[in-house]
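First the structure, which I've put down as structure tokens, then a few questions once you've had a look.
In this document, chain identifiers A, B, C and D correspond to the written order of the chains, with residue numbering beginning at 1 in each.
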Amino acid sequence: MQSILDEIDATIGASSDRGEVASYIPQLAEVDPRRFGIAVNLADGRCFSAGDAALPFSIQSVSKVFTFTMALERLGDAIWSRVGREPSGDPFNSIVQLEHERGKPRNPFINAGAITIADALISDCRPHPALQQILRFVRRLADDASIDIDAKVAQSEKQSGDRNASLAHFIASFGNLENPAATVLDTYFNHCSIAMSCEQLARAGRFLASDGVITPGEERIVSAQQARRINSLMLMCGHYDGSGEFAYRVGLPGKSGVGGGILAIAPGRASIAVWSPGLDRIGNSKLGTQALELLVKRTGWSIFGH
Amino acid sequence: MQSILDEIDATIGASSDRGEVASYIPQLAEVDPRRFGIAVNLADGRCFSAGDAALPFSIQSVSKVFTFTMALERLGDAIWSRVGREPSGDPFNSIVQLEHERGKPRNPFINAGAITIADALISDCRPHPALQQILRFVRRLADDASIDIDAKVAQSEKQSGDRNASLAHFIASFGNLENPAATVLDTYFNHCSIAMSCEQLARAGRFLASDGVITPGEERIVSAQQARRINSLMLMCGHYDGSGEFAYRVGLPGKSGVGGGILAIAPGRASIAVWSPGLDRIGNSKLGTQALELLVKRTGWSIFGH
Amino acid sequence: MQSILDEIDATIGASSDRGEVASYIPQLAEVDPRRFGIAVNLADGRCFSAGDAALPFSIQSVSKVFTFTMALERLGDAIWSRVGREPSGDPFNSIVQLEHERGKPRNPFINAGAITIADALISDCRPHPALQQILRFVRRLADDASIDIDAKVAQSEKQSGDRNASLAHFIASFGNLENPAATVLDTYFNHCSIAMSCEQLARAGRFLASDGVITPGEERIVSAQQARRINSLMLMCGHYDGSGEFAYRVGLPGKSGVGGGILAIAPGRASIAVWSPGLDRIGNSKLGTQALELLVKRTGWSIFGH
Amino acid sequence: MQSILDEIDATIGASSDRGEVASYIPQLAEVDPRRFGIAVNLADGRCFSAGDAALPFSIQSVSKVFTFTMALERLGDAIWSRVGREPSGDPFNSIVQLEHERGKPRNPFINAGAITIADALISDCRPHPALQQILRFVRRLADDASIDIDAKVAQSEKQSGDRNASLAHFIASFGNLENPAATVLDTYFNHCSIAMSCEQLARAGRFLASDGVITPGEERIVSAQQARRINSLMLMCGHYDGSGEFAYRVGLPGKSGVGGGILAIAPGRASIAVWSPGLDRIGNSKLGTQALELLVKRTGWSIFGH
């Protein structure tokens, strides 16, 4: 495995077309596009990594996997009265569909859906603040108390967050928010600003590769069925309008973030995190996707055949 | 396996809410909603079945798996200039997105996409008629020369096919059809009218469960990578706007038809066909989906964990 | 009035930016973009014209005013169960809205609406063919038996008519056509291919300037209220997604055609026809609109103030 | 004229189907649905009224005519870089089109457009607050210093204003707001909460009936051309997705508000205000529209013929 990761690191390092780094906030725009990290946690507990795998980056929408897991664990199937579980089509559609479906987001991984999930957690986490519980949950999954929110990123997100504010008020206008839009947005912007390294992220994803438990025989996060279902949602909806492309090329459940990170799951085999800041046209990590494609080719981990 | 299938047959037989049989053409409307069949072809060659598994039904959109396979095998990646590979969102969107994306259907499994695939096959099959080659291909996959088109169904489809005619002319208006709309529709309506039993259908899907070969060590239909990719498309787009639901509940690549049939693939393990004519709100077999859910629960075949 | 028209003819003749001539069929593409004609029929019966006002051109969508008038006169308010009377928004929306409103076109002047009107006329004109009755009606309005259909234009329209065929089948799929799509399209393409000169067209519009009668005290075409209502529809919907622009700049009810013609009505004052083949971005005659703007500025005929 | 108004008052008073009073804020929900007022200011200066014409009501969106007039007078054609001038289609489309046209509202009379106009006025009114200048402008038009904002309505609007907040942030996300969304919304909600009687409203509209001057020969508000253009916008866009219906039935430029008021203009003849709190399905005053229809029938004031 280590030689595979080193080889991928070398191949990606030699790539000249690295995509475009997100530019809507300075903290993301200033990240060096040549960064690349990859970390693999096998189901048997062994860990491997290469490149900048120990360097923290802004996990952004990857955090939605963790907030959704919390919501599913706490609220069970009741969460489906608040969000759907179908892919959303292209970004153009997101607000169209939100109107068409009367304020119920298509799935928990588009922004509108994650905002609704944040609202559900706020209501459910009372009297303790949802944000602290989210952070505590991620630290527990990754077994690392040092993980934290990047306050500067959160501040910038808030300042440039008109599109998300629009979505939150739109959802609220249909009666699908229980808390004020401003409160919900604050929680949402903050959990998107969690900083983690590939190594931390791969550890945090272990429970999805091991049927809901962090380490076989040990503490259970969600039921085996719930773990499978989170994986199915990641596959169907984890890369926005590039979800079909990712499933076609990589063949693993995965969730991307605009910071260039991707968490991918090979069920029963491994939890994988990659990071390359340059994005493709749709907003998914360009070389991160390519690295996962190489990894799956070498390991035969595709869920669609071997 | 046989006892599992018998148990499923008994459970489904006892269901009172069987969904609504498709009613837009008399040949479908008149099918007995109490029919149920299931057939499983294991990767090792063994076959099992229960219920009305030997009774032919109209496979309808399941045929799109076969026409797309032909197109991918013949044209390779060039086919992606004609159709996309992303889920399409809800039915409301289908024609919206077709306009938004200038006549390029979202994927080969929505009607617009399958019409485009039919057009590509017509051009590629010259001078021999595409329809005959499609039929020959399906017969070869299922190893059964008796499979045929139900001419009455094809005739009815044509007579009530205004929505599909609209889609074909719409695609043509963007220059994305090479043959006259009427010719393309004729091929499309006919291949949707192929009649097969669950046993025949499960046999026809074997190559997708076995990395592209019908029987291990024998004739190759597509490359292993192509087989995986067809499976990924089935998972992402095989159940229209219920694809997320199917992935969530069943966890296998599958393609449904409005006749009530579903072809599902457990990669490396089995090709499965079910049939129950009653449909859910979206147009997928209600009890067929439930039967597959039961099968996966008993076998642990979900691609998202075990 | 003659001096005003001569002045407009001179101004338009000196324009260098003449827009783009429609190019989807050769018969329109080959028209000389320097052509310009204008004709004014005053309510008192006097006629004036300038430029190429005696030269016939393809009236295209201007014909929709005449077919809608026939339908309103024959079917009365019952026609509103088949089409709406609201502006349609931009072209992007046309098929979206058709789906959203379940096959009922927004108004009789967008293509979908005019196709529905053609269908209504076919049903109402039996046993005599609708097309002959339309032609007879236009000849009567213009008092000119020489007006005819340009058969080559009609033939070309049919050959390049995939978008309209798509609309017709789409409407039919909602049960809003009583005749086969092919029959309806044939009537539609033919009436759009009527050729008229500005002089003929201005004469044909007299009844709309004179409360429903061709000549004061003489034969009534529609009631005064119906004439006002046709005028209101022309203002609201007569220039596709440029209707607001035309109302803002010209301030008269008008209907444009892709052949470069516009019929405009100054209620109580005049029926006006202009022709300049070059179109603006939206598909309305660029210099035709400008000529009307000049005419209204000189005459004070705006319906929104003097 | 007085007898016409009395007759209309009697007819409307006898109506049993009065529509539904707006219910999204208590201040509107509690208005007595039996209220009805009408006031007519003739171009020669004479005033007539009937019913509750002296009773103030919440003018709501009618205020958009006044803010747009201020913006057009101050910024001239530059305002068209911020908003369009085409009808918007149905409410379903409003946010679709806002996305399709990249944050540029279709016209100044839909909510999104009026929010943009409020933003433009804030920037242009500095250092004095826009709200005070709007109020001063309306008082000047109506020649009545007692006109004021209903603070309770404004407060309620703000509390239930998620849809408008969503629109404002959406526009901001495209860079089409110069001031913070919260500031713009505050101005917008307040100017929509101006309370006026029919008599005051009819007086405020005089300049639109008299080519831009309040009283012939006296102070000019806008140029004659600008007055005509405001009238054309009112006709095309003044009743949301019922604008075509209003033009068809009434035949006058008009702007409605959800409080049940309508300001209508008979160019060169009269400024008219009606008020009946019950709304039709689209949100326009049901009996207010009917009252105007009766008035036009009796006076022959339709702009589409006499």
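Please note the rule applied: contacts are C-beta pairs under 8 Å (C-beta built on N, C-alpha and C of every residue); 3 or more make two chains touch, one makes a residue touch a chain.
Small disclaimer: the values here were computed from a predicted structure and weren't measured.
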Per Cα centroids, the chain farthest from chain C: A
Centre-to-centre distance between chain D and chain A (centres being mean Cα positions), rounded to whole Å: 47
Mean-CA-position distance for chain C and chain A (Å): 55
Separation of mean Cα positions, chain D and chain C [Å, integer]: 32
Interface hub residues of chain C, defined as touching at least two other chains: 92, 96
Chains touching one another, given as label pairs in label order: A-B, A-D, B-C, C-D
Complex contacts: residues of chain B adjacent to chain C: 92, 95-96, 99, 162-163, 165-170, 172-173, 181
Interfacial residue positions of chain A with respect to chain B in the complex: 84-90, 92-93, 96-97, 100, 106-107, 211, 224, 227-229, 231-233, 235-237, 241-245, 247-248, 251, 253, 267-268, 302-306
